[in-house]
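Quick heads-up: structures coming right below.
One chain, chain A, links the two complexes that follow: it is found with chain B in the first and with chain C in the second.
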Partner chain A sequence: MRAAIECDRVGFAYAKRPILHEISLRIQAGEMVGLLGPNGAGKTTLLWIIAGILRPEAGHVRVLGQAPGWRTLFHTALLPERGHLPGWLTVGEWFTHARRLYPDWSEESERRLVADLALRLDRPIARLSRGEVTRVGLITCLARRAEVVLLDEPFTGIDPLGREIIASAMVRECGELGRTVLMATHDVRELEPLFDRVLFLKDGSIAADETADAIRARGLSVASRYREVFSP
Partner chain B sequence: MTQAERWMALWRFEWSRGRGIRSSWKRRLAWILVAAGVSLVAGLTLSVSTSASPDRVGVASLSVWLFLGSFSLASWAGGGDGVGATAMLPYARVTVVCVRAAAAYVRLMGWLLLGAALSAGVHAAHGLLGNPQVLGTWLSLLAVAVLAYAGRACVSAVLAALRSSPYRWLGTVGDGMWTGLMVFIVDDIAKRGPLSGTHESWMVFAAAYAAYGLICAAVGVRCLARGTWLHAARRDAAPGRAEGVRRAPRFSRPPDHDALARGLEPHVTNTGAEMVRTALAIFRMAIGRALWPTGARSVWRAVAVHLTIPIVAALVFVMLQWTSPHLHLSFARLEGGMLGGAWLWSMFCGFAVTALFDHLGDWARGWPVRREGVIVGFALAENLTTWFWVTAGALGGLVLWAHAAMERAARGADLREMLIAWAVAGLCGTWNTVWSASVTLRRNRGGMSAWFGLEVFLAGVWFIEGGRVVAWLDSASWPKVAGVFVASLVLAAAILALHLRAAARALVSPER
Partner chain C sequence: MTLDPPWRPPAWELDPSQPLYEQIAHRIRVEIAAARLPKGTRLPSVRDLAASLRVTPNTVMRAYAELEQDGLLETFRGQGTFVAREPGVEARARARIARQAFEHVRRVAADLGMRVEDLLRLGAEEEGGDEDARSH
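Up next, the complex of A and B:
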């Protein structure tokens, strides 16, 4: 099977302090992988490196066989943890621009997702609540036909009902279309059923890399396995 | 999708910043009218104060108009949010920066053309279109703007990317160079005597600035490609995380809550005393961030670094005036420069306070202290750099005066006037920082345009008439000076109290 994401001994330090250390992983095309870890484990940094907007200091990364950079952003969609959306536009105006900016944009998916996530297109992005900004970001990622989807805390500020709607939208837009998803999150319980595989990141290193089926076969849930790995 | 369509999509996106939801056509029109009014009044003041004839109203107005253009650009370009929005797009980083710079340049050219038309109208009204000196200066000014605006567009295109990187100082130096160029031109126009028709020095300065802009753009592309700007975003997202990142951008240094807690005790009944205590506590908390925004340096080292550029500027002034046969005029220009420069610089210090409040958000609103004290505390800390600039100016003047004393050309009055200029510039700058912060925190955009126009106008008046004001203060009798001082103090305190109160209210219930 083709590898969508490959990391080989990836390292990153900031101000001489190591953030990622010798990360090696291989994610197959079509897999939905959870990237779990406590605050400060390096999850966001790893996603930035895979997206190609931050360069690793050591090791190599390949996304669909290419070194990450602006070119791989053609087939990689990233939902950053914090708002990076143009605050000077309304939601509708942003989607109009996004249609032109992303060659793989699907208007059909956009319409479906806007209806599902109950977004008002006439509202200025600058005046949206945190949860609404996350929804706009999710639509920006999921309305694209990008082969690789990187999601950083996709449930930030989202209410419980909204989480269910987003989870089913992710299954429809990613799972059914065979897209590769790497998702950094703390909301293990809600997203647990979606994961094919789970990577546990601890102090910048991979502490465990297991399939969800293997965890369940041991009579554990992903949440309880999380506690096992990270309990002091 | 063809390459041309992709470029066009990016262009439309960048262009959309200018017609953002926050600036309706009415606001833009109001800004243009305010800018035109300020430019005309400043031009008239310059013209009257220098040659007592209207022959340079048009060029003086145009130079002020061009300066104001860069502020329009800042509002068009949006803030740091633009970096994130473009960094996620599947475009080469060079393309992103080029398109941003091109959009900014087109806007600036529009501003230039409008200014050229307005100033041509002023010239025509005075029948000066055929005057070779005026025409030469006017054309030189347009040529300088075409060149310098290219640098300005390049700097503004990468300003947000640089702001969060270790190369943040490039943006600051760029802003300083731009202001320096404009002050240089206005000063040249405001010189007494006949107006020169050739201005090679303007072109050299503008070309240097354009080249500097290109360097900034190249560094900005590198920052975008390497993701350097993201480090700040990470700190903002999780200030308490284990990575313990040492360096941070100017507005992201986390507040020292312990210092705040140490300096503040509840149940202070005297309102004035509570405000002073709050201001002092906030000042102590903010001083490190104000002096060294990237953190982790000692205060003394930060002071040394901050003083470097002002001292270099003062040395350049001393070298240029070393052999001047009219040292008294040089001192007067230095005093005007100190006063006008302090006024402009302190206005930006006020903006920095507002940006800091924006960064702290609800945390600052949630502190159980008087907001007026918080604003004053942050403003006093940010204003320290104004004192560095005026102190460097005074030191430069002192060196020049010592040189004149050795040549037996020094006058005691020059030294006294310089010390008066130092004190007045520092105190007025401090007041202006608090005022700017309290006005900008209210976010009353209509009022802000008028206030901004007034600020620039007052800075111009200080530049031109500062020397005379100081000379009057030195020569006037003590009772007169004391009377003016007390009246100014009462007026300044009253204005500040009103604005601080309104700003404190706006902080509790921000307008949306």
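Up next, the complex of A and C:
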């Protein structure tokens, strides 16, 4: 099977404070993987390195066989935890802009997602709730045909029923193309059925890398395994 | 050839502490054994079933693969996945479920240090007792 994301002994420090240490991982094309850990474990930094926003200080990263750069940006969609969408635009105006910004934008997916996620297009982004901003960000990611999807806390500010709807939409939009999905979250319980595999990130290192089925075959949920890995 | 719309699965609650593909395969096996999913019924695509159950497409693929291996499902390229048309599909599904149920009973009996027959007799008596209690 082809690797969609590979990290080989990746290290990163911020203002001399070490954030990531010797991160090695391999994610197959078509896998849906959870990147799990408490706040401050280094999840966002790792996603940003894979997305090509930050450069690793040590080690190597390959996305679809290439070092992150302008070429891989075409194939990578990132949902940042705190997005900065232009607040003066309405939701509909933002999508009109995004259609031109991204050559791989699918208007069919956009229409489907806007309907499913019950977004109103006529409201300015600045007036949206936290959950609605997350929805706009998710649609911006999922309406693109990017092969690699990186999601940073995709359920921020979203109520339980909304989470179910988003989970369905996520599977549908990613399953169609066999996309590779890496989701960073500490919200394990809600998202765990969406993981084929989980990476536990603890103090900047991979503490465990296991398939969800291997965990469940031991009679544990991913949420219980999370507690096992992270409780002091 | 026109295809019937695929069968829609009930809203199954899955237990996150057991392999999800096994639970999905088991539920489909029960539907076939109980003849609620007759021979030749078209199943949803991997993507649609994954989206409606909110699990990964790989999970559904693995469940379908297991049922295909047991001869309960068959997949035709470009058409989809169907309940196998060969005779004896229901019986085979039932036999597999019966074996699992029996293994469970045997494990409980072993835990209690009892013989399977004694456990079953005790269970039947208890159930009879409950019914007596309810009718009074």
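In this section, the second predicted complex is superposed on the first by the 231 of 232 C-alpha atoms of A that agree within 3 Å, B and C clash if a C-alpha of one lies under 4 Å from a C-alpha of the other, contacts with A are read in each partner's own complex, and residues count from 1 in each chain.
Please note the rule applied: a residue touches a chain if its C-beta (ideal position, glycine included) is under 8 Å from a C-beta of that chain, and two chains touch if they have at least 3 such contacts.
These numbers were taken from a predicted model, which means no experiment stands behind them.
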Put the two structures on top of each other at chain A: do chain B and chain C fit, or clash?
fit
Which partner does A:58 reach: the first (chain B), the second (chain C), both, or neither?
neither
Which of the two partners, first being chain B and second being chain C, lies in contact with A:3: first, second, both, or neither?
neither
Just to be sure I read the superposition right, which of the two partners does A:89 touch: chain B = first, chain C = second, or both, or neither?
first
Output check: A:207 vs chain B and chain C. Expected answer is one of first, second, both, neither. What do you get?
neither
For the combined three-chain view, what is the angle at the C-alpha centre of chain A formed with the C-alpha centres of chain B and chain C, to the nearest 10°?
160
Which partner, chain B or chain C, is in contact with more residues of chain A?
B
I'd like to know which partner A:223 touches here: chain B for first, chain C for second, both or neither.
second
The superposition places the nearest Cα atoms of chain B and chain C at a distance, in Å, of 26
Footprint overlap on chain A, comparing chain B with chain C:
none
Mind listing the chain A positions that touch chain C in their complex?
30-32, 164, 167-169, 171-172, 174-176, 178, 189, 192-196, 212-213, 216-217, 219-224
Quick one: in the complex, what on chain C touches chain A?
14, 16-21, 46-48, 50-59
Flag every residue of chain B that touches chain A in the complex, lowest number first.
1, 5-6, 8-10, 12-13, 16-17, 20-22, 78-79, 81-85, 87-93, 225-227, 230-231, 233-234, 236-238, 241-247, 512
Chain B partner contacts - residues on chain A that touch it in the complex:
14-15, 17, 19, 39-40, 44-45, 48, 51, 53-55, 69-71, 73-74, 78, 80-90, 93, 97, 100-103, 124, 126-127, 203
